[in-house]
Every structure is written in C-alpha cells, then in structure tokens.
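Each in structure tokens, the structures are laid out below.
In the two assemblies presented below, chain A is common to both, partnered first by chain B and then by chain C.
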Partner chain A sequence: MEKRIRVVVGKPGLDGHDRGSKVVARALRDAGMEVIYTGIRQTPEEIVNTVLQEDADILGLSILSGAHMKLCQKIIKLMKEKEINVPIFLGGIIPADDIPELKKMGVNEVFGPGTSFEDIIKRVKEIVLGTAV
Partner chain B sequence: MSWEQQYNLISDDFFKGRIYALAKMITLVENNPDSAWKIIETLKKNTLRDAPTVGFTGSPGAGKSTLVSAYVSMMAAKNQKIGVIAVDPSSPFTMGAFLGDRIRMRDISESENVYIRSVASRGSVGGLCDAIYDIVDVMKAFGFDKIIIETVGAGQSEIEIVYVADTVLLVMSPDSGDEIQMFKAGIMEIADGYVVNKIDLPQANAFSVKLRNTLALENDVKSKRKVFEVSASKNIGVEELEKWIDEFYSDMSSSGEIFKRHERRLKRRVRSNLMRVMDDIISSQEVGKNSLREFKSLIVKKYIQEEACDD
Partner chain C sequence: MDQENKINELVEKKALWYEKTFKKTVSRFPERKKEFKTSYGKVVDPVYTPADVKDIDYAKDIGFPGEYPYTRGVQPTMYRGRFWTMRQYAGFASAEESNKRYRYLLEQGQTGLSVAFDLPTQIGYDSDDEMSEGEVGKVGVAIDSLKDMEILFDSIPLDKVSVSMTINSTSAILLSMLMAVGEKQGVRHDQLRGTIQNDILKEYIARGTYVFPPDPSMRVIVDIFEYGSKNLPKFNLISISGYHIREAGANAVQEVAFTIADGIAYVEAAIKAGLDPNVFGTNLSFFFNAHNNFIEEISKFRAARKIWAKVMKERFHVTNEEALKLKFHTQTAGSTLTAQQPMNNIIRVTMQALSAVLGGTQSLHTNSFDEALGLPTQESATIALRTQQIIAYESGVTDTVDPFAGSYLIEHLTKDIEEKAMEYIKKIDDMGGMVRAVETGYVQKEILNSAYEAQLRIEKKEDVIVGMNEFTTEKGSKPTPILKVDTSVEEKQKSKIKELKEIRDNNLVSEKLSSLKLAAASKENIMPFIYEAVKAYATLGEITNVLREVFGEFRESVIL
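Up next, the complex of A and B:
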C-alpha cells in the first residue's frame, strides 16, 4: 500500500483566524494527504500530544497573533523533551525578519500570505519524503 | 525498511507502554496489510486481556465524537485506560482525508489515561477501514481496559461496526426522520442501544417517544433494546449509559452471546482479508481471451499460489 502522508494542522495561541489553516488543510487533503485538524486555540502541549498520538509525518502551524516566536519555541522544546522528531512548517502573519531566527530554532519552512497551494504541497512532500518532487 | 525491521525497532518500547511506539505500531499495521497478521500473531502472544470494544455509529453531526468524549472522560476519571479509534472518510478521488474528530475530544485529549487515534477509511465502504481489526488488536496488546471505536458518519448500510465491536450504540440526532426511517433495515438493526443525543433540543422528547413506540412494534430482541436520552455536550444521561454498557457486556459474557459475536467477527475478518487480496489479484490481471469460467479459475489459481508463498 502506498504510504499516506499524515499531517497535523494546528492553531496554537489565542487568535481565532482559522480560514488560512482550513484552506491549507483542505489543499493538503486534496493532494492525497491525511490531515488531522485540531482546530483553534490549542495549547502547545495539546499540539505536541496530538503529533505524538497520531504518528504524524509533519506538523503545520498557523499563527496570526504575533506570538509565533514564543509559541514555536515552546512547541519545539516540548517536542525535544518527548523525543519527537517531526518537521514543522509555519504559516500566517510572520515578519520576514523573524524567519531566519525561526529556521534556526527548528522550523523547516515558513509560508507567508500569497503562497500558492502548489508550493506548499510540493515543499511538504519534499520535507516528508526527504527528496525533491 | 522492511516491516520486520520496523517492528523490532519499536516492540520493546511498545511493551514498556510508550505512546510513540503504540502510534508507530498502528501505522505499521495500517500500511502493511499483507504482513499485519504476522505482527498481530506476535503481539497476541503478549496480550494479557481481551479488552471490551464499544462502537459508536450514527449519521454525520449526530454527536458521536462529543458523546465519546463525555463517555471516555467518565472512565478516565476512574483511572481506566482507554484507547479511542476515530474513523473519518478518505476521498475516493484523491485518497486524502480531513480527520476532525479530535476537535470534539479536547476534554480527554490531554488525559494520561486516554489515547486517541484518527484513522482514514482508505477506500473501505462499511464505515470503518480495512485495517480496523488489526488496529483494535494492537490496542488490546498495548493493555487498554476498553477500546472505543467511532465510525465515519454512517448512513443506512454502513454496518461493519457490528462485526468489529462487542457492543454497538447508534447515536441519533432528534431531527433524523420519522418512524418509517426507524423501520428500515440496516443500521437500525445493528444497535444494542440507541442514544437520542441533543435531548435539550425542543423536538427531542417527541423523537424519543416515537423511537420507543416504533421499537415496541419490533421483534422480541429488538423491542427490548434500550433507548438513552442524552445530551453529550451538557453531560446529561452519560453516566447511565456508561453503567449500562458494562452491565450489557457482563450479561453477554454470562449468556455466551459474546462468543457468538467473537465467531462472527473472526469470519468477517477472514472474509475481509480474502476480499482484499482477491481484489488486488483481479484488478492486476488481464482478462485477455479468457471466458468467464477460465478467468475465474485463473484468479483462484493465482490466489492459491499467493497464499502458498505467504506461508
């Protein structure tokens, strides 16, 4: 059986703007992936626990509140504590200046507003499969 | 990596009770249907108890996930270890899936006593997935006290759950039709108990009365089935349901009904296994100039060959 990519899409923090995470989840679904959608206002603990229980191949985060540095830091720290080695992509309103720091922290990719679905799908597959597609 | 290598990598941690190993073991049986039975046989040698399985089915939006959450949180509070399998449909076009049952289970998702796994149906049409029997066995081997299965939003004929779970509950929304719908064969027949959810809605009591009246006209077995009035989100009636599920299971054990159900399950599981292998053989075989009869015996021959290789 062909392996299905399992993606957890989560929205940590307090902003409720979930159109972005919904349409990205939808696009990944239509690209043949199994998307576990957690909904809004998740704590970092809840998201990390979901990644662990669902044996996710990749974690997608959507943050529009401006708290992306703190939230990513916390999620990555929790993942390290639980020995979870799962790549992360991030979308939302992320200032360009923060991207190098986020990548250093361990975020694999950051997708800003206007990124095409094709790009997101391609990069997610590349990251999970470890090869160019 | 072969499945043996993957299995060896995680099996120690699995039996130590580590969640990551459980999660990976489920993925392993899900993605390797041909070798899953070998994994299951190894796990079964170390399975300490045959945990009861409870199935929740019903139409989309009836409140299955919310009810599972309320029910499971009651058991988790008593320190019981519960495994939840929540199935949602895969796309027949892209094979992708949107698995959203966890959203309704936030009250239990952080509990140390609860493990939730979202599963996609992957082409199965019975309301579950082909790997469901294997996933349940993996969870039993892990040592849960009870295993809860939530089907996809089910229509009238998605009834695979009756083979998989020891006890089946049909969750109904108070706006799901009149008594004509209740008389129809299929999903209305397979439930051991009916849950009228959203009992706080104005039309709910009338619906419940209609259901009871309709069941009263049914045969001896069906007319005795329980109806529960519940509001899963307001936690009304869930305690009574929880108590009844345990009582029903022990009644089945003492009457011998449970063994009948186990036998029915084994037969169905073998059938589903054979059908999957057959399907693969049939779809990969050219018909050519063979007649119907010749083609059939060709398939059977191929099947026997494959089985011989497998052993």
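Up next, the complex of A and C:
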C-alpha cells in the first residue's frame, strides 16, 4: 500500500490571513494525505518542533505579510541545526524577485495566488516521492 | 382586495409565460447553467416581477432615506449633499514614509486618512521585540511610541482630516496617541474625527491580531466606549467589521449575520456595564466588503442597514434616531484580485466600488490592481483613488438616492438576505451569543466551509475567474512593478527606541505603567491611564506587556 504522506502546514510570524493555509490543508487532506495544521502566529521554533514531533514528510508554509525571507531563513536554519531533512513548500504573496533566493535557501516550491489544488497536490507528491525535477 | 387580485393574476400570467414562452426557448437554446446562484446559494429565477415583492410593505420595510428603517440610506440627501469619504488604506515602513504617502493622497483629493499599521504594532510588540523580526514596517507603518505618531501626522491638521485606524487589540493605545498628537496641534479631543476599528471578535474569527482572551478584550472595548462617548463625541469608537469575515471566505449572508451578531455582543456588553445605547450607539460604525456579485452586494448593504436599525430599536429599545443608523465604510474585496493579468483588477474594483456606492456607503477604499502581488505603488494607488472619483463625478449614479430601489430583484434579495441573516443571528443567540459561538469555533467552521466550497467551484470552473481559470495567457504579461519596503526600517526603529529610552523620564514611565497595572487589575476604566502612559512616552510594547501580565494571552484552538 502506498504510504500516506504526512504534511505539516504551518503559519509562522504574526500574519493572521489563514484562508489559504486552511483551504490548502483541507485539500491535501481530501487528497488522502495526513495533515497537521499548526494554526496562526507560530514561531519558527514551534513550527520546527511540530515537524519533528509529527515526523512530517513535508512542510508547507503560508506567509502573506512580506516577512517570508526572514522567516524561511530562520526555519531552515533551525531545521539544519536539528538535522531535519524535510522539503518545504511556500504559499502566499511572494514577489517573483524573491523566488530564486528562496529556492537557493532551500525552499523546494513556491505557490503564488491562483494556484490550483490540483497543481499543489501533484507537486507535493512529486517532491515527497522523490520524482521532483 | 384589488391589489391581491392583481398579484394573483400576475402569478398566473408568469406561470403561463414560463410554460409557453420561456420553456419553448430553453428547449431549443438551453441556459448556460442548470442553476444560477448567489454567493449564499440562493437559486436566482430568470425574471422577477411585482409578485416577488408582494410581502414587502413599502412604508414599513423600505421607507425613505434618512428615516427608519433606513433601507434606502442613513441621510435624506445622500450623495446629492456630499460624496462618501474617499479613504484609501495606506501605510508602510516608517512614520516618515507613510506621512509622505498621506500628504500625497490628500493633495490628490483624498478626503480622509486610513492608517495601516504593521503587525507588531497591531499585536503590541515593539520593533525591537524578538517576535517582530521580519515584520517591522511590512504590512503597514511601525509605531512604537508617541514620537512615531507625531511624525506620522506631521503637517496633517487633525481638526480637518478624519483619521481611521485599523487597530484592534492595541486600539486604546493608538487612540491615546492620536489624542496626544491632536493636543500638540492645538486640537481639542472633542474636535477629533475618525474611527478606530476596535473590533476584537472578528480578530478571533478571521483576522488574527488578538492579544488578550475574549473577556478582558470585551472589557477594554467597553472602557473605550465609556471614555470615548464622553470625550470624543465625533469619533467612531468601533468599526464592526464584516470585511475580514468575507475575505476569510464567508458568503454575503454570513458576512451580514456575523457582523451584526458581533455588534449585538458589543452593545450587550456595554449595556451590562451600565452604558446607555442611546448615547454610545451614535459612536458605532460598520465596515463591509464589496464583492463580485453586483446585485447581491447592493442588496446586502441595504439589508444590513435595515437589520441594524431593527435590532437597535426592537431589541435594545433605542429611541435616539442617530443611534439606529448603520453607518459604514466599504472596501473592495482583496481576495477577488488576481495575480494573473493584474490590470483586470481595475475593472473588478470599479464594479465592486459601484455596488458600494449604490448600496449607500459612507466611506470607501478601492483596492489597487497590484495587491495580489505586493503593496501598492504610488501609481496603482492613484488609479484606485481615481476610480472612486470617476464614479462620483462622472457616472451620474450619485444624483438620485438609492437609485436601484424598486427593482423587483433587489428588493426581493434585500428581504431574503435579511431573513437568512436573522436565522443565523437566532442560532447564535441560542448558543449564548457571539463570544461563545466564537469560542466553540462554530463561526470559524461555517466560514471555512464556505471558503472551501468557493475554492472547489473555482477549481471545477463552475465559477470563472477571468485570466485565472479561463482566458489565461500562457506567457506572463510584462512584470508589474512592485513596491519594495526598505528593509532598513527595522534597524531604524530599533535605534529610535533605544534613543527614546535614553532621553525620556524613565521614572515617570514606570510610575505611569504601575498605575495602569493597578487600574487594569481593578474595575477602573483603563483609558485615562493608558493616555497618561502614552504621554510619558511609554512604548506600545511596554503598555501592552503590562496588560498581558494582568489579562493573560489568548491562543486559538485550531479549526480545520
């Protein structure tokens, strides 16, 4: 049987716009994944701990406040320190100019506004199952 | 009765038309969809007639503008007297930068200010707090102390320009800062005009900038009502907001129902504390969303006005007419903006804004076309303001009050939205009121369900979003320039705080903070104490921390 993908969906920082994160979390759940949603206003430490405790296969982050560079940097640094090797996807209002740097930092995928559930589900599976390009 | 016979005759005629004319056409040319629905799932008929409004009593249910139940508007002349306040929500980076943008907008003919604060300011963290890292100056202006506020309103006369502040958990602090700046300009508190959002319930529901648990939060709001209705008679002490509830995914009925239910909770809390709704009722205001379904939205605004007037009169026995009027600000729906083909958003915003004007709004924010990409540039912000000015000066819709009244569909929908919203309100009453309904997560779950359904409709292309799921262009159009917030603002704010703490009278600050702490722990009104602390240049974070110690902090229970 195919292993169920475990996803932690986290909202780091002070941003409370959680429509996107909740709706995506539901869509991943309805696609058969196990989804752990952290709720809003989580510190990077809290998110990394959740990833560790839940033994997640992938971490999804949603940031709309513009704080994505700093927050991703902190989360990735903490994950490295704890030797957690889990891919990351990011959603929110992310300017195109920031994407190359985010990818270099270690973010595997960035989903902008208007991305379909279908694309997100497909990409998450690709990344976790190692068929990512 | 003659009237009744006429209606019966009409019902028969419509049935006949349906069988003979309509069906004949549909059998040859099927309609585009099996069902046409509003945002809240009401199936809309192909045509409406006087039979669909037969239960509406014109004098009782619709009436005249400026008179109960205010369905047609809160003023008798509406835009024939004065246009709505054109109030663009703006603010970013530092007080200096935002002050420049405000002065530019005022020069361009904007008639009121609307201040966007950054998240640390909204949640009560100073810019040098660890929690603020990466967020300083991002979604709004960073305000750490009265010093920043003095810069923010430099050369902006507070007796002439009304100021709306999107601030909730820390509203008492920012209001005090505004009063203090006014005082320095020689403006008396009773001359200040503007609005604080101050609506904590929708923060738990949809927006997320809560700090304290519900009970102490409600107490602070009542303190502000009591203090403000005495000292700031021209100020809206709350803006009960459906905007964010709608943005979180609610449909039009849920937007109205949950907003009015929030309003009921505030009025009840204030009455319980001994305040008179005839007095503080005049300082309440509302904030709604202007979404895509044009006709539904116009009806929604009219319904909301009528419900509130009835609630205040029948439920709270208010006799002061001024306290029955639902005055509201509108913002076009940010969540409808697409990152794809962003110029299309100008058209979306225009129609949404037009629905707000036809719905009788008192003030309006039109979104900039680039907001799905980032913060608006000066150019996009100017187009957004011009959109309002074109509606106001060129469209002609402002020459008659409530010009769509009497449309069979609009009157029918107005009534339907009222009825459906009242069903929700009854349900929330049965749960013990809005505070409890929010604590149990009922409201959040209802909104999430609607949000998820709406997204599925887009995925299945049942709802077409032009440029996003249909009429897409493969190659991205030319990149839209985006406003870049200066990243040095965080460091600058940090050094400003450091400097402030060196020059202010720190003994005085401690003294004022200790008095505030005692007041918070007692039943005293905390407003005068916050005002004193602000004037002594205590920082926003210091004041909030004192309240955190007394009130505790809220953590949401996660609902999925």
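Convention: the second predicted complex is superposed on the first by the 129 of 133 C-alpha atoms of A that agree within 3 Å, B and C clash if a C-alpha of one lies under 4 Å from a C-alpha of the other, contacts with A are read in each partner's own complex, and residues count from 1 in each chain.
Criterion: contacts are C-beta pairs under 8 Å (C-beta built on N, C-alpha and C of every residue); 3 or more make two chains touch, one makes a residue touch a chain.
Computed from a prediction, not measured in an experiment: that's the story for all the values here.
Peer 1: Clash or fit: how do chain B and chain C relate after the overlay on chain A?
Peer 2: With chain A as the common anchor, chain B and chain C both fit in the superposed model.
Peer 1: Just to be sure I read the superposition right, which of the two partners does A:Glu45 touch: chain B = first, chain C = second, or both, or neither?
Peer 2: First partner only, chain B.
Peer 1: Where does A:Ala25 make contact in the superposed view: on chain B (first), on chain C (second), on both, or on neither?
Peer 2: The answer is both, since A:Ala25 touches chain B and chain C.
Peer 1: Tell me the contact category for A:Asp55 with respect to chain B and chain C: first, second, both or neither.
Peer 2: The first partner, chain B, only.
Peer 1: When the two structures are overlaid on chain A, which partner does A:Val35 contact: first (chain B), second (chain C), both, or neither?
Peer 2: Touch partners of A:Val35: chain B and chain C.
Peer 1: Per the contact definition in the header, classify A:Ile93: touching chain B only (first), chain C only (second), both, or neither.
Peer 2: A:Ile93 contacts chain C only, not chain B.
Peer 1: More residues of chain A in touch with chain C or with chain B?
Peer 2: Touching more residues of chain A than the other partner does is C.
Peer 1: Please compute the chain B to chain A to chain C angle from C-alpha centroids in the superposed arrangement, rounded to the nearest 10 degrees.
Peer 2: Taking chain A as the apex, chain B and chain C sit 100 degrees apart.
Peer 1: Given the touch rule stated above, what does A:Arg4 touch, chain B (first), chain C (second), both, or neither?
Peer 2: The first partner, chain B, only.
Peer 1: In the superposition on the shared chain, how near does any CA atom of chain B get to one of chain C? Answer in angstrom.
Peer 2: Checking C-alpha atoms only, chain B sits 5 Å from chain C at its nearest point.
Peer 1: Taking the two structures together, which residues of chain A meet both chain B and chain C?
Peer 2: 25-26, 29, 35, 37-39
Peer 1: Which positions of chain B touch chain A when the two form their complex?
Peer 2: For this pair, the touching residues of chain B are 19-20, 23-24, 26-27, 31-33, 90-91, 94-100, 102-103, 106, 109-110, 115-118, 120, 122.
Peer 1: Give every residue of chain C touching chain A within the complex, in rising order.
Peer 2: Against chain A, chain C makes touches at 119-120, 122-123, 125, 131-135, 138-139, 203, 206-209, 247-249, 335, 338-340, 372-375, 448, 451-452, 455, 459, 465, 468-469, 479, 482, 485, 556-560.
Peer 1: For the complex, give me every residue of chain A touching chain C.
Peer 2: Contact set of chain A toward chain C: 13-19, 22-23, 25-27, 29, 35, 37-41, 43, 65-67, 69-71, 74, 93, 95-97, 112-114, 116-118.
Peer 1: Taking the touch rule as given, give the residues of chain A at its contact with chain B in the complex, in rising order.
Peer 2: Of all residues in chain A, those touching chain B are 1, 3-4, 6, 25-26, 28-39, 45-46, 49-50, 52-55, 82-84.
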